[in-house]
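In the two complexes that follow, chain A is the common piece, with chain B as its partner first and chain C second.
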Partner chain A sequence: MSTSTTSQRPPDDTFTEPQRSRSLKERLLGKQPLGLVFSAPYVVFLAVVFAYPFGLAIWISFHDYIFTAPNVSVPHPFVGLQNYVTALTDPAVLRSFLNTLIFLVINVPITVVLSIVLAAALNTGIRWASAFRVAFYVPYVTASVSLIGVWLLLFSQGGLINSILGPLAPDPSWLINSKLAMPSIAIYVAWKQLGFYILLYLAALQAIPKELYEAASIDGSGTLGKFWNVTVPGVRSATVLVLILAIITGANLFTEPYLLTNGGGPDGASATPVLLIYQKALQQTNPDVASAIGVVLVIAVGILSALANRVGGGSDDE
Partner chain B sequence: MKKRTAITAMVGATALLLAACGNGGGGGSEETANTTTGPITVWFSNNEQELAWGKSVTEQWNKDHADQKVTAQEIPAGASSEEAITAAITAGTAPCLVYNISAAAAPQWERQGGLIDLKTFSDGEDYLTKRSGDLLNGYKGQDGGLFQVPWKSNPVMVMYNKDLFKKAGIDPEKPDMDTFDKFIAASQKIVSSGAAKAAIWPSPTSEFFQPWFDFYPVYIAQTGGTNFVKDGKATFNDDNGKAVWEFFHTLYADGVSPKEKSNDDAMGTGAAAMQMAGPWAIASYKGKIDYGFMPVPTKDGKTADETYTFADSKNISMFTSCKANGTAWEFLKYTTSEENDGAFLEATGQMPIRPGLEKAYPEYFKANPDYVAFASQASRTVDVPNVANSVEMWQDFRNKYSASVIFGTTPIPDGLAAAEKSVNDLISQ
Partner chain C sequence: MNDRGRRVLLHVALAAAALVFIFPFYFMVIGAFQENPTNDPSSLFPIGGWTTRNFSDINSRVPLGTALLNSAIFTIGVLLGTLTFGLLAGYASARLRFRGRSVVFVAMLLVQMIPFQLLMVPLYVLLTRTYGLGDTHIGIILPFLVNTTAVFIFRQFFLGLPESIFESARLDGASELRTLWSIALPLVRPAFVTVILVTFIGPWNEFLWPFLITKDVTMQPLAVALANYITNVSQTASNPNGAILAGACVLAFPVVLLFCLFQRYFTSTDVGSGVKG
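The block that comes next holds the complex of A and B.
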């Protein structure tokens, strides 16, 4: 029996045939085809809500395009880079990108440093940790419009902050001062988003083995040394995520300049690309130039995110 | 630029074709389309009094036209009516008529192929000319098309709080503030006396429509009724425009007009002693403050009956998505008849755009003397120019004005020249 079994063993070719067909199937459908079914709704959602509009925006940005009533057919001639030239030679557009850069330079470091420090502090089991966690998280879950109302009262000419500062209050006041408007927005956004980033860091901190802290203590590290040599490297992947999310959030600023500084004021000092996209596409019905600004913004965010990933060493984790 | 004009022409032609074929039930002609009847939907603004009038007049119409039922709705919520209407045109969900059209937005909706030229109705031009007289000319498109019915105006005047004037030592019955110098001096008195935090608080925000409530009424008054654009060119880069920019710049520089937006109703709370307002303000402030109205100031002063101002009109347009143009046109005429204009005036205090208001509705003005000044002012108004790229043009102007006048970062002559160039460039596109 055993001989016959041995002799009946199929040659190598016949053995590999079913493997090949399996791998083809696997290549097409994956090891768990059911996963496709589960992920399909989100893939469709992404395709319809993100991929299609983005593709359409790219197409519009290369054409002379206006929104028309349905069934009104007009030619949309290809105009090459004309919309990009119009956008990038407009001083208001260039100013808005510069404003965004100023925002990112202030907001991103504040966000990263404060959220990691506060998360580390909360993780050490300080008293009232839960109360602090809630306090940090409340602004994140509160509607921006309501919070902006509060900040307007705080930072307006006769607001609480200026009353406290007295003669040290800036003139013109915070939100109408061309040098302080964007930094004010950057600080507001950092404060509002902090709770979410602290949460990300708290999750990352759970993954750092306690033995590392013990070893650092044995080696003579103090609190600062442990934070710098164990905590910071231990949450590196979270830092990359926070960096990228903060960049994306900052590049998409709209509500704050629209409401807090009254439409990107003073004199365009807090105007952002998204605010201009809104004005040009929806108010002035120039979706072609607005799309060009949008595409440039996506490219800029992509480059900055890739840089953040590289600087943070995110690619090493893969 | 020529390409854009060509596109606009093609959109217009297609829209006309659609208005003719799409609604004509196979008739294939404008005339057939324009006589099609059936149920329609109409949008009104969310102003409480306007909406009440709209629902009332619709109810009356429906009693007599069972087969042409009109459904009255508020304009859907949005950052502004204009954005909601632009979105509706693009999506094909615009109603037959909207009673809240800004003259600045109409040209771009025409360009989108969203509006019907009312001249295509056999009695269109005749009816509108009879109703509005020469005032109609200011609302015609660049090619003479009638894409909006001038419906009602809110002539802008200076509203003031009599109690705060008294506190500041200004005679509230005879403020004597008709010149720029007198206006500035009185404003300084209001603030320095502690009567109010601000003498006048024009919104310093950057929305495209803000010039209509600070610069433009004063410029129109200063020039005796000159439009922002004349013969395809910006008009404001001259001594008159410069005087008006300098006037407002002084108010901001002296601190009598705040550079920050008021967080609440500055006039209602007494934070400001004056504001630019139309007759709508009477209903809003009646019983809350003791108010008076005076014409907007000019450099050397003008009497009330020779002062022009901004009309701040809102108009009616018919949309190409309409399936029953005949009903829409008849309803439009019904709601703008002398009788229903009177009912509108009675309900809202806003001025129907028809000549001789005081003679047409003597009983109303006898019973409501507060509105008499506005009725007189309504015959001396100028609206925004009916040009393409209107919103973009006003936005550019506002940006330059803010830099020079409000924040003082650009010298006024430079700002005026830059604004003129920008406006001329946009008009020529």
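The block that comes next holds the complex of A and C.
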């Protein structure tokens, strides 16, 4: 943008050499070319760690790829969609996508409803709001491995939760029950991430004009009416963001099934696509099929996110 | 009275919710110092049976010192990368007019859409097979070197400064580097606390990548070492539950402490703007 304005300089009669070289430099590189130098390390980082591996992932997924020792060159023949066929006809892979769907159906509604309600409650000017906020944020900032260690004990067969429930305790217990393993993970992740979504909603709530609440009061709306008619529509764009982030989180589960349900157990009932990517690529040395699962996963997340954006109608005010 | 009753109810409801969020931490800390962590609701407030043996137990299975050092190297490496390269990129994209500025910004947005999980196979292939960086600190740090959320936060803070101070600095003949160092940086000091908080929790808590790239126990950060203890070693320990909770405490403590000290910097506007761009 700035280059076009500088080139519209009036024709100058005192046209000296240094000036011309400066304007040429300016036209080519911009007004402050130092910006290129400042951005260069970050851009190189993005290219090396994101762009190139991204391309490589797609390339691997269309080729027959095996691991080799360093500097050993073996052919990687193009195999078309064969890796995708292998991946998508594997019952374990299909099961992992179904598990993700089960996760999303439980986790996303809990996440959206609880975070918006708790954020709205925190925003009413109550006492000790910052202490409550800290309580909600702490699981989000703490390492998943730590918290999973605690949940493992709490939800184990003879654990605290079951001894509180007494005769109501599920048998087999939560994490080793094929019907309850995935819902348990969904609830754990909702608990762990909720603070971050509350944070996003608190930011969105600041943007709702106070007059809207006053007008609703004059119209005779109660607390629930105001929440439903002012707060919920007012934070719509945040809801779209929360939906998309919750979908992305749900699609990328690894630590939880790996540790909490002992490798996606019982019998694959809580296996996730990323867990299978890890198993196929590193344990069974099939990085090509693993990459195909990754590409399918990214496309599925893209479609779900676009749907969430559509349903929330969020694109207009982003 | 009705209104007052409703406010009391709101406080009770929020307190109950907060309790659900805090309780596992209470359970973790109490259990870590118990000879036999309770599974019985009647003994949630133990009066005896205190011990520090759980910590020496886990230390004998997982070299805690080495693991903490590896976590610290990982985290400090990422912090250094983000506070130099991320700061420069954030400043450039907010304040400098140069060719390709919009390309950099679009790249930042795109990066946030590519899930790390898709990249993990090619990154693993590249770093371990091609560059031989498996079981090295550089290999662990590299994919996290610059935190893009932090770049967004820096950008947002620099955008918030008035243009006039930059104009007058340029009129006074200050170089761009000097403008950044002596004028812009002191004005965005709060950004550093936010960025350090947001950046710190990433590598300190990260499990998947260091888990993939380290086979050597002496190279593993604490999150990986503790996870290995949970999955493999704990079956043979005398009080595995207490040792797991002790390890969980050691891993959680630095972040929780840092967060509680600086939680007022962890505000919705800063972090939210970072995420939304």
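Quick notes on this one:
Basically, the second predicted complex is superposed on the first by the 271 of 318 C-alpha atoms of A that agree within 3 Å, B and C clash if a C-alpha of one lies under 4 Å from a C-alpha of the other, contacts with A are read in each partner's own complex, and residues count from 1 in each chain.
The rule is simple: a residue touches a chain if its C-beta (ideal position, glycine included) is under 8 Å from a C-beta of that chain, and two chains touch if they have at least 3 such contacts.
The structure presented is a predicted model; accordingly, all values stated were derived computationally and were not measured.
After superposition onto chain A, the modelled positions of chain B and chain C overlap sterically. With both structures placed on the common chain, the touch criterion links A:G80 to neither chain B nor chain C. Legend: residue contacts after superposition of the two complexes on their common chain; A:D267 is shown touching chain B, with no touch to chain C. Set against each other, chain B and chain C touch different numbers of residues in chain A, with C touching more.
By the touch criterion defined above, A:T285 lies against chain B but remains apart from chain C after alignment on the C-alpha atoms of chain A. Touch criterion not met for A:G225: it reaches neither chain B nor chain C. When both complexes are overlaid on chain A, the residue A:P233 reaches neither chain B nor chain C. In the superposed model, A:L147 lies in contact with chain C only, and not with chain B. Chain A residues 67-70, 149, 152-153, 156, 158, 262, 282 lie at the interface with chain B in one structure and with chain C in the other. Of all the residues in chain C, the ones that touch chain A in their complex are 6-7, 10-11, 13-15, 17-22, 24-25, 27-28, 31, 37-41, 44, 81, 84-86, 88-89, 91-93, 96-101, 104, 107-108, 111, 114-126, 129-130, 132, 142-143, 145-146, 151, 176-177, 201, 204-205, 207-208, 212, 223, 226-227, 230-231, 241, 244-245, 247-249, 251-252, 255-256, 259-260, 263-264, 266, 268-269, 271-273, 275-276. Listing the residues of chain A that touch chain B in their complex gives 64, 66-75, 77, 92, 149, 152-153, 156-158, 172-173, 175-176, 178, 262-268, 279-280, 282-286. Within the complex, the chain B residues that touch chain A are 3-4, 7, 10-11, 14-15, 18, 22, 82-83, 86-87, 89-92, 94, 108, 111-114, 197, 204-208, 258-261, 263, 319-321, 389, 391-392, 395, 399, 402-403, 406-407, 409.
Residues of chain A that touch chain C in their complex: 1-3, 28-36, 38-39, 41-43, 45-46, 48-54, 56-57, 60, 67-70, 118, 121-122, 124, 126-128, 130-139, 141-154, 156, 158-160, 163-164, 191, 194-195, 199-200, 202-204, 206, 223, 241, 245, 248, 251-252, 254-255, 258-259, 262, 273-274, 277-278, 281-282, 287, 290-291, 294-295, 297-298, 301, 318.
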